[in-house]
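When the chains are written out, they are named A, B, C and D in that same order, and each has its own residue count from 1.
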Amino acid sequence: MERCEVYLSEESVQELMRRLSRIEGQVKGIRRMLEEGRSCDEILIQMSAVKSAISSMAMFLLEEHFNSCVKPGVESGNVKALEDFMRAVRQLVKGG
Amino acid sequence: MERCEVYLSEESVQELMRRLSRIEGQVKGIRRMLEEGRSCDEILIQMSAVKSAISSMAMFLLEEHFNSCVKPGVESGNVKALEDFMRAVRQLVKGG
Amino acid sequence: MERCEVYLSEESVQELMRRLSRIEGQVKGIRRMLEEGRSCDEILIQMSAVKSAISSMAMFLLEEHFNSCVKPGVESGNVKALEDFMRAVRQLVKGG
Amino acid sequence: MERCEVYLSEESVQELMRRLSRIEGQVKGIRRMLEEGRSCDEILIQMSAVKSAISSMAMFLLEEHFNSCVKPGVESGNVKALEDFMRAVRQLVKGG
């Protein structure tokens, strides 16, 4: 069986949803700023905030994923979990 | 008068809106993936895509801003445009 | 036993050394450019090149490390290898 | 005349040299760690440190460059200084 059996905890998913809602609000903010003709540097600052929020959320997910899926998966002999993890890490590092 | 007089062109704003719509769709995609219990590495890949899209959009905005606001502003003696630009660059570089 | 037994292959170490020599040359280049009073934007471009080279070298090391240490380590039951790897990933992601 | 007339101050160059010496020391450290067969995650951590140091040095140079070259250049009507600056910013942002 290759998929991760033990998924993220309910608390982790809730925390991710909360973070995602904030990000959705921030993205809506960019749209509003463009519509209102706000100055470009203010919009760029808002974009940086979105990127930081996603980076932080991605790192949080990676940690949760590692703790609740990769480690238990590997301990029960699932080497595929390790390959999946490496693929995700590669994306995260290259994604900047 | 300190604000940028010559704003982004209509085409630039349209292009930014198009990019923003794609980003909003990608963010919705993350929510759906979390709800469906999709594997963590797929979600991380999607997050990297969002970050790349925002980075690319930010660079596009910076270029447009530079061409349609900073350069003309500076040419007409608006040094404030330069300070605003530097503040935006600082954010963009530090924002990763 | 917690340390990685199977170290990087000779070829990997040689490749890393080659990359490091290039990076050392690039860093020397920055010093020379500063001494010669070269324009700031040329120096910044050279700095970006060094950062790219280190990022690329770090990703190369992470891949080699994963293949020759983490995977074999985990397969022979060394969970510590996994924790070390996660610590390195964390650094790499946060290091930008 | 297109080149930046007012170069970085002596203090700025000294500070840049100090930072560069530290970076050279850190890069030598990577070589030594590879030669000593140090664990991969320690080497990756050292690499992240070098990248952070270069990023910080690049931002410092950008600030100094902006203050001592771009701003005075622009104020005395040198639009070329602005284009050079934008080219550097582009590299810095894309360089990650």
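Things worth noting here:
By our rule, a residue touches a chain if its C-beta (ideal position, glycine included) is under 8 Å from a C-beta of that chain, and two chains touch if they have at least 3 such contacts.
It should be emphasised that the depicted structure is a prediction, and the values quoted were computed from it without experimental measurement.
Interface note: chain C and chain D, two copies of one sequence, contact each other through mostly matching residue numbers (shared numbers exceed half of all numbers used). Taking the mean Cα position of each chain as its centre, C sits at the greatest distance from chain B.
Chain centres here are Cα means. That of chain B falls 24 Å from that of chain D.
The distance from the centre of chain A to the centre of chain B, with each centre set as the mean of the Cα atoms, comes to 19 Å. The centroid of the Cα atoms in chain A and the matching centroid in chain D are 30 Å apart. Touching of two or more other chains is recorded for residues 55, 58, 62, 92, 94, 96 of chain B. Taken as a contact graph, the chains are arranged in a single closed ring, with each chain touching exactly two others. Listed by chain label, the pairs that touch are A-B, A-C, B-D, C-D. Chain contact summary for the complex, chain B toward chain A: residues 3-4, 7-8, 13, 16-17, 20, 23-24, 27, 30-31, 34, 37, 39-41, 43-45, 47-52, 54-55, 57-58, 61-62, 64-65, 69, 84-85, 87-88, 91-92, 94-96.
On the side of chain C, the complex with chain A involves touching residues 55, 58-59, 62-63, 66, 70-71, 74-75, 79, 82, 86, 89-90, 92-94, 96.
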